[in-house]
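Shared between the two complexes below is chain A, which pairs with chain B and chain C, respectively.
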Partner chain A sequence: MGSRKSILFFLAVLLAVGWATLPGQASAREVVFLDLTDFTGPVAGLALPGSLGLEDYIKDINARGGVQGVKVRYIGVDTRYDVARMLSSFKRYRRDEAVLGINIVSTPFGKVLKEITAKEKLVITIPGDGEYQANVGNFFTWGPTYQDAFAAAMDWVVADWKKQGKSGKPVVGHLAWDSPYGREPLRGGKEHGEKIGVQFLNPEFFPSGTPKHDVYLSRLEAAGANYIYVACVDPAPTNVLRDAAAMGLNKKIQFITDYWGPTALGVGTHPEAVEGAVVVSFFLRGEEAKNHPINRRIWSTYQKDPPEKMNETYGMGIVWGMTFEAALKDAIQRVGADKLTREVLYESYQRLSGMKREGITGPCAYSPSSRRGSQEVKFYRCTKGKIVPITDWVKTPDAVSLHKW
Partner chain B sequence: MRYPSLSSYSVLVMLVCLGLSLGGCATMDTAPRAQLQAVPEKVVLSADLLKSPPAFKGSGFKPGEAVTVELMIPKGVKIKSVPEGEPSVGIAFGKANEKGEFEAKMAPTAIFNWLLQVEWTPDGKPDMKKASPLPAGNYQVKALGVESDATGMTMVMIEHPPKK
Partner chain C sequence: MWRPCGTFDETYQKDMAIVRTPLRWAVLLGALLVTGLLPVVVPYYFVSFLNNLAITVILVMGLQIVSGYCGQISFGQAAYMAVGAYSAAIFTQKLGLSFWVALPLSGIFTGLFGLVGGAPSLRIKGFYLAVATIAVHFVTMWLILHLEVTGRSHGLAVEPPTLAGFVFDTDERMFYIIMPTMLLMTYGARNLVRTKVGRAFVAIRDNDLAAQVMGINLFYYKLLAFFISCFYAGVAGCLWAHLTLVAHFEQFTLLHALWYIGMLIVGGMGSIPGVFFGVILIRILDELVMVVSPVLAAWFPWLGSAPAAGLGVTAFGLVLAFFLIWEPRGLAHRWEILKASLRLYPFAH
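Here is the complex of A and B:
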């Protein structure tokens, strides 16, 4: 009898130990949002404030009791814009079932992850590479794709050209980082521009970290550019505009930057050089961002500096958090907190179409057939050291579908 | 209350132990062994590395899988931006071919960040003046298959250029 009881006890212990070591579903009370980002490194100027916005918004979710009782843990890894570090960090957390969503800030790393995660269903939020809209899968862009924003800018160019009473076609140069990101706006964006009557010059690409841009600017000027679209990450576009101003080009050529163009960072460091430049943006910029009630409340609660120090990508990070919160809520309502998985959240992200983000960006455009974070942009102009809106929200054309993928 | 015979328990115990052993094995380090070689095995830290970056090659990985190459961080060595306690930092990556072999070179960002350990200026440029290069010494480097967990190890000797 004693030996039988001992065996039963032994079995119970073994089962308990074995159960504890078996991998299972995410804990019902806490899920993780993994942010592979740049706190330091070449694109930290914009990535860090975005990640701070996300982290602070997650703190706010938890301060409100979590999402239907489920707390969210933010894990941020400083990858310093290095793909090897990103991949190694992804590998480290890949089998952690509490990790339900992942944010990455690098277009090249997205291309690596696309292959690795091809057979899985999970949410990876990422900048605006149009490839993810052309082939819908795990990657959800933060806003409109690069080519959609470029196409909206070309619409603005044509309207501006006509407004000035000029005849013929506006001539546009593209000046960008020599990278997949730098080339992306043209993949469909160029086709849209040509369709609406824009004449394009041969694009100019330069390595990130280039100290002076005179050579590229001179070539575009000599070729007769009326407009130059600049695609690189601030402060690089600010440096391009600084060089253009030193050459006197900003007096005769209208410069437009993509949504990684001047923020408070660039306008603050070179106000005279960026004067007159137009920025196409999918998130609020300038005073609109700093004075937005949610941006301001979250900032004032979790940051020590005054709101005047807020970089506008902080609001973009808040939107990442809002979107995750809405998807998590949807997932919990559908399956319950105990059955949360990456696949469930993946399905929920596709159910957010039309979700409002308090006007910090346009409404969410995720759906089973769309990976676009939104489909609206606003145009701003750098004016006397400030970033001033010159349009309301404008719907972006679908340039992705114009490219042969 | 009647209990089954002890022999039935013995069988049950054996089955449960077998099951738990197998389950437990899944969580233990049973990664397949792979091979890794550093080219060269001795690296002198200087800006010249950008022209001829350190490279790695290996075999024994799952065909087609991504392979991450990690520098194991010895106790007491601080890598900029890597929290204390993290065992390693990714320094290169590659993809295994159909034979399970891979080659990888360190990218400029990896050389700047993890070997030379520069700071970055607000303009997004590496600031060599504020660099704190990896201390000289022998470092273990590990290649890890992202799908298979196949692991290869090697050593790399880090040296600093002679002071002029």
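Here is the complex of A and C:
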């Protein structure tokens, strides 16, 4: 009989859980920003601090009384780089009208949601895939597209090559995760590079989780690479740089990483390994990020840790929050809090062109024809355990339009 | 099946029937009717959850046949599902076939593909076979990522199924494809395991040498188990691609394959109801984490939403460890005990 009771108890729990999993409704003066993000998995290194920044900024909005009196609720779901999980989470909130915006972190999520939400005017923010700029719809990238940043990096390469007084073409290798994200920079970025006189080697791709990268690095070195562009999510780029340093390649090849390259924490931990590497970023890095007054205030208020412990992607999360706040404010001013809909917010996102975000990132570039979060990047160099700026904000070329989509 | 007291089988047909009594027929038809009405009466989220559940049941049912019944441990199920999804996308989008033709075809194609993956089972078994199936996963993913026909890293977009002009483009509509398919395939699996083939699978699982000595052709039956298992995975993949409207390799990771094995362990190896128990428990647990995380974050603000939301993987690990230690035969075994105790009631079991 004991087992019968335990089974009945189990079934009762299942029923209770089933009832409990019915999605709740937000109150009338509250809207929801849904963060379908990877707190675990291969991109957690960027997603977790970014989401913390977003959540803390939303807390700050509410502490200031909300946006025109409308409170914002942050809902974070760990999607684990698992499309089934993301889809289930998305559908849980899909028809909750209080959910006005969604942030997603990984490329495969975008592939699925793009098809499913093609007819919906629901704002979805996503890292940097150029296809959302090529086919303007309801997806908004966080900053410049990956190919735009890659193109800006190629501009920097050519300038650096000339500055060193070298002749001929700089030879560039591309070393990235074997995924759509890893390939994305080349879709338009390569065309731009070739146009300005860069010679590209065959790109090298490796699966996420690869412990050693010597074989890929060796091939690029043997092919005569002068520069290697690394596209993967920290700690993977730090590991690539570590392997390159162990092979002595960092002395003869200039490494450049994309947005998700080493953060100040990684640089502080392995200063020798990443020494000299250049990071191209659409948000502030290193001491600039930690000393930024907004980042610092939000961090110390809600994380209650010294700023030294801040990961720079935290500031990027704050930017997501600022952008949502500005769009929400615009939407409320246009139609009033009682008539807020997803479509209204969708219109508002397209009206944010030129909006400043306290200098943590470049001015917003969203418009009816643009889905770029900004069009500026900054170059940093890892130097003696710090990430120091080597350029001011630089306007990125339009590499998306160079690719045949 | 639990046989009610006083019910006698007077013919061979009755003895073989899965549904034995008029009452059971009534219950079955009532259950089917209720199931059919679900998309109309329950919230959208539950319908989408049930779709997800049903596809996973089909997939894990296939795994149950090859691993639970035939004893061939496979970590390739996620890869086989990917093959099903991609083949369905190619059949419908590139070759212009109807979804209704592509559904069985993708199952057959995946089944044939699975024969290649199952071939090592003829020479190796146990842990070694498990490792070989992991290799199958990576090789399959590499092929998908590098072949032109699969759209390489960008995947393939899929149109929703249609029938006489009616488009199955919502979860509620897809429910009427997914749920009957799941029921049909469950019926197929239930019948399969009590046929000569099913008994041969069990014999191979329990002692392959003894089975061979008894005249069971190991080569044939092991490959047949892989074919059937992969057929199920292929059908699941086809349904998944048409539900998500895209086939993309990052939807099918090795982690998924681990989850499917975990579902089998929790539900119970070698049991058809065990598939349902395992899939339902793990999927509900997954959804529960989504509900509990914001509550935890509100109760313990120092946790923040992020660490609280990350409890999903931890919970899965704990549940798996719990079952491996305290109930390695899974929930299906508990279900059998419950049925036995009900049958003997009011006497103690």
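Methods note: the second predicted complex is superposed on the first by the 376 of 405 C-alpha atoms of A that agree within 3 Å, B and C clash if a C-alpha of one lies under 4 Å from a C-alpha of the other, contacts with A are read in each partner's own complex, and residues count from 1 in each chain.
Criterion: contacts are C-beta pairs under 8 Å (C-beta built on N, C-alpha and C of every residue); 3 or more make two chains touch, one makes a residue touch a chain.
Since we're looking at a predicted model, the values are computed, not measured.
Contact with both chain B and chain C is seen for A:Tyr81 once the two complexes are overlaid on the shared chain.
Judged by the touch definition given at the top, the superposed model places A:Val233 against chain B, while chain C stays out of reach.
In the superposed model, A:Gly45 lies in contact with chain B only, and not with chain C.
In the superposition on chain A, A:Ser179 makes contact with chain C only, while chain B stays out of contact range.
Of the two partner chains placed by the overlay, only chain B lies in contact with A:Pro211; chain C stays clear of it. In the superposition on chain A, contact is made by A:Thr269 with chain B only, not with chain C. When the two complexes are overlaid on their common chain A, residue A:Val112 makes contact with chain B and with chain C alike. In the superposition on chain A, A:Gly168 contacts neither chain B nor chain C. Counting contacts by the rule stated earlier, residues 1, 3-4, 7, 10, 14, 17-18, 21-23, 39-40, 78, 80-85, 87-89, 91, 94, 112, 115-116 of chain A appear in both its interface with chain B and its interface with chain C. The touching residues of chain B, when paired with chain A in their complex, are 3, 6, 9, 12-13, 16-17, 19-20, 23-24, 26-27, 66, 68-70, 80-82, 88-93, 106-107, 109-110, 113-114, 119-120, 122-126, 144, 146-147.
Across the interface of their complex, chain C is touched by residues 1, 3-4, 6-7, 10, 14, 17-18, 20-23, 35, 39-40, 48, 51-52, 55, 74-78, 80-85, 87-89, 91-92, 94-95, 106-108, 111-112, 114-116, 178-180, 182-183 of chain A.
Residues 1, 3-4, 7, 10-11, 14-15, 17-18, 21-23, 39-45, 78, 80-89, 91, 94, 112, 115-116, 208-209, 211, 233, 235-236, 239, 265, 269 of chain A touch chain B in their complex. For chain C in complex with chain A, the touching residues are 43-46, 48-49, 52, 145, 153-155, 157-158, 171, 244-246, 248, 250-251, 253, 255-256, 280-281, 284, 286-291, 293-294, 297, 304-307, 309-313, 334-335, 337-338, 341-342, 348-349.
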